[in-house]
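Got a structure for you, written out below as structure tokens; questions coming shortly.
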Amino acid sequence: MTKHNFGRLFFTLPYYLWLLLFVIAPLVLIFYQSFLGLDGHLTVQNYLTYARSATYLKMTLNSVWYAFLITAITLMIAYPLAYLIAQLKRRDFWLALMILPTWINLLLKTYAFIGILSQSGPLNALTKALGLGSHQLLFTDAAFVIVAAYIELPFMVLPIYNAIVGIRPSLINASLDLGASRVQTFWRVIFPLTKGGVEAGIQAVFIPALSLFMITRLIGGNRVITLGTAIEEHFLTTQNWGLGSTIGVVLVVAMLIVMLLTDGANAVKKGGKRG
Amino acid sequence: MAILKFAGVKKGFGDTEILKDISFEIEEGKFYTILGPSGSGKTTILRLIAGFDQPDGGAIYFDGKQINDLPANKRQVNTVFQDYALFPNLNVFENVAFGLRLQRMKKRAIQLRAQEALALVHLGGYAHRELDELSGGQQQRVAIARAIANRPKVLLLDEALSALDHKLRKEMQTELRQLQRQLGITFIFVTHDQEEALAMSDQIMIINEGYIEQSGTPVDIYDEPLNHFVADFIGESNIIPATMVKDFVVEINGKQFTCVDAGITPGEAVEVVLRPEDLDITTVESGKLAATVDSQLFRGVDYQIMVHDRDGHEWKINSIHKTTVGKEIGITFDPEDIHVMRKGESQAAFNARLASYQEVDHDQA
Amino acid sequence: MKKFFSLGRLFLALVFFLMYLPIFYLIYYSFSSGSRMDGFKHFSLVHYQTLFADTRMISIVLNTLIIALLAALISTIIGTSGALAINRAKRSRRQLLVLNNILMVSPDVIIGASFLIFFTFLGVQLGFWSVLLSHIAFCIPIVVLMVLPQVRTMPRSLTDAAYDLGASRWQAFSQVTIPAIAPGIRAGFFMALTYSLDDFAVTFFVTGNGFSTLAVEIYSRARQGIDLEINALSTVMFLVSLVLVFIYSRFSVKGKGAAVK
């Protein structure tokens, strides 16, 4: 008895070590670091700096606002998209085609937009042809939002699609049978049952959108500063790890709020197949 | 000689006691059925025999040796699982050969044994099929072949037929019985289906809430249920509270009837069992009771007729003759159709009482 | 109804066109003899020649592949044992799952920054090892999530049957449990591979000066402007992705077949 328990422990030890060293320890350390000043002493100075500075507060609000915009845009495109794909005959194939671009390194996709959005790129060629003249597109807020939405779109489509496909057809038939029109069926049956998928999608998009820093650098120039950009700057450029960690803690708190608001993982099961 | 013996076995999971005090002996070469409602502990008994769980108290003996802590892989017992538990990554042959390969048998020997086992379950030509090419009934047979290929001394079958449809189930009951005779080893079959138990077994053990309620041959259990639970669980029955007047006379619903039971204190409150098929419909004048027909259900082999007598008591009658709802009829039965049960009488006490007034020695295993 | 549908089709077509536009835009210009992503000059493979002669780039590609393969392999082993441990844990299962999922939901910058603090705290030299350890760390939870459903749906009777037929613990584990959850393990390995190949932010934080992965290299080159060698590289990577997706779909189809009881 004890012999195999020992064997089992030996086998699962690496996993528990991972939980301790790479999940718990880093979180504790970043929290601890956020209370360290530049001189290495314990202090709440970082939080005071953050809370008193208009720049940081404005940046936080900006970051939340952009993340909200990106999430809203992807949701508006993703819902009808997921719904339409789910109606197609070879829906698995089309879904795979939708997911395929996520397999391409997002750096490359972002890089493509440097060309597309450039002064002499195809988008400007189009606006010129339409008589709208040429514009500075690259390094604008709009460019950042567009590229981020492009990258995040599949992550919104997938959970919504799964929720739609998970609805048992008999539920829709039951609704029609009870006299609901197709539109009523959508709003009263399909949409409520896919709410879990939508929430999961919001989670999957909003949190990364808060922290994207690579797109802000390449596409947004240095005009757009998100929480992610600020953390990267403090850690890798100005070397003020304490303040960077403080912003990190703010980001984690924001993340927890989003997760509490959209308890996506649990909600998905409701519309689930097993019913 | 007993191949398997439980002596005061107890088993619980967490705070719930599943088996409270289980003792029995299993003889070699017989077909045993452990029968009980779900949650009664019957599967737990099987798991203890197989060695998947260890008893909390008492002892389990196999071939005279105590095996409480002997791991499952060292026991000469094999199991047919309720969900078959076939290994999805292996084909039919490899599933059957699994145990043989573990014994490091020679290739040719494995080949022979596996084929032999498959032939016994009538799947001779299926060795190289994949599992998903088989029907549920065929998968069931593979599960049996895999278990018997190891040549166990005892074969355990856990609700083995419950996933099959009615017709296939009947066929498999016959086949299993034949297979058991052919192999000559002990089968221990767990089921909640009393019909299945009656049809297949040499011996039935009825389990309820962690205790053995009664054990015996199917006929004994059917004709002489020991208590309310067994009478109710096995077959259909009218169970009525009654009072013993004196030896061979019992009072049911205020009327006195002749019966064949004796050795009970006069005036003792008892219960009587009257099987619905033992009640006959006759005219009001010649009946022992007069009753009105409430409903009638045709069931293929017979009619199930519900009636109420003049005192308002309900009776269930199974009859091959049709009657008319609302009609006044008479009910009649013979003294030996009445079976009297004392409350809380143990199996041993029952046997002793029976022996005390019957000339014929009533031998109980 | 009919009209709605054609409208829907139009919408679908447009979205799919836009999804693939940037990728094909990159590929298209990789064959241009010019040096900018506008005004296609004429067909040429010159950027591919530069790419294959670029030893720095090739060694970075190799680094990336080595990191991805090692990280996927090790995280698959640890993640599978983790999934089995979580499945066995009766009381602490929920808490274990929450801990497991922390890295799944944490933003990349937080993972990167906290790992950077962690490695500095321990005095680990930033470079190959810190990157490898980080990749293993963020791949483990995804492996657990891919394997766990398989472990859960595997009937307990399967291992019981193995013991019943005489298997030892190790035999039951290697001959029954592992094959039964193999589709999940394969999917986990593949997802881990993808996560590792795709990562930029975490690597960016924990890599030192001497060591670079593809994503980090592309980033630093892209910051300096357009370089059609990157276009050539994207074309190659796109083809590799296609092959990987193809293998993966073959795997999962086969896995499904084997999972039928």
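Should a chain be cited, it is by its letter among A, B and C, assigned in written order, with residues numbered from 1 in that chain.
Keep in mind that, in the parts below, contacts are C-beta pairs under 8 Å (C-beta built on N, C-alpha and C of every residue); 3 or more make two chains touch, one makes a residue touch a chain.
Quick caveat, the model's predicted, so the values are computed rather than measured.
Colleague: Which of the chain pairs holds the record for C-beta pairs in contact?
Modeller: Going pair by pair, the biggest contact count turns up for A-C.
Colleague: Which chain has its Cα centroid closest to the overall Cα centroid?
Modeller: Of all chains shown, the one whose C-alpha centre lies nearest the global C-alpha mean is C.
Colleague: Return the distance between the CA-based centres of subunit A and subunit B, expressed in whole Å.
Modeller: Centre separation, subunit A to subunit B: 60 Å.
Colleague: Compute the distance, rounded to whole Å, between the mean C-alpha positions of subunit B and subunit C.
Modeller: Once rounded, the distance between the two centres reads 56 Å.
Colleague: Which integer distance in Å separates the CA centroid of subunit A from that of subunit C?
Modeller: That gives a centre separation of 17 Å.
Colleague: Mind listing the subunit A positions that touch subunit C in their complex?
Modeller: Residues 4, 7, 11-12, 14-16, 18-19, 21-27, 29-30, 33, 77, 80-81, 84-85, 87, 94, 96-98, 100-116, 118, 120-122, 150, 153, 203, 207-208, 210-211, 213-214, 217-218, 227-228, 231-232, 235-236, 241, 244-245, 248, 251-252, 255, 259.
Colleague: Please name which positions on subunit B make contact with subunit C in the complex.
Modeller: Interface residues on subunit B, with respect to subunit C: 50-52, 71-74, 77-79, 81-90, 98-99, 102-103, 131-132, 146-147, 150.
Colleague: Would you tell me which residues of subunit C are touching subunit B in their complex?
Modeller: Checking each residue of subunit C against subunit B gives 155, 157-158, 160-168, 171, 175-176, 179-180, 182, 257-261.
Colleague: Over in the complex, which subunit C residues touch subunit A? Could you list them?
Modeller: 8-9, 11-12, 15-16, 18-23, 25-26, 29, 36-39, 77-79, 81-82, 84-85, 96, 99-100, 102-103, 105-118, 121, 133, 136-137, 140, 169, 194, 197-198, 200-201, 204-205, 214-215, 218-219, 222-223, 225-226, 230, 233-234, 237-238, 241-242, 244-245, 249
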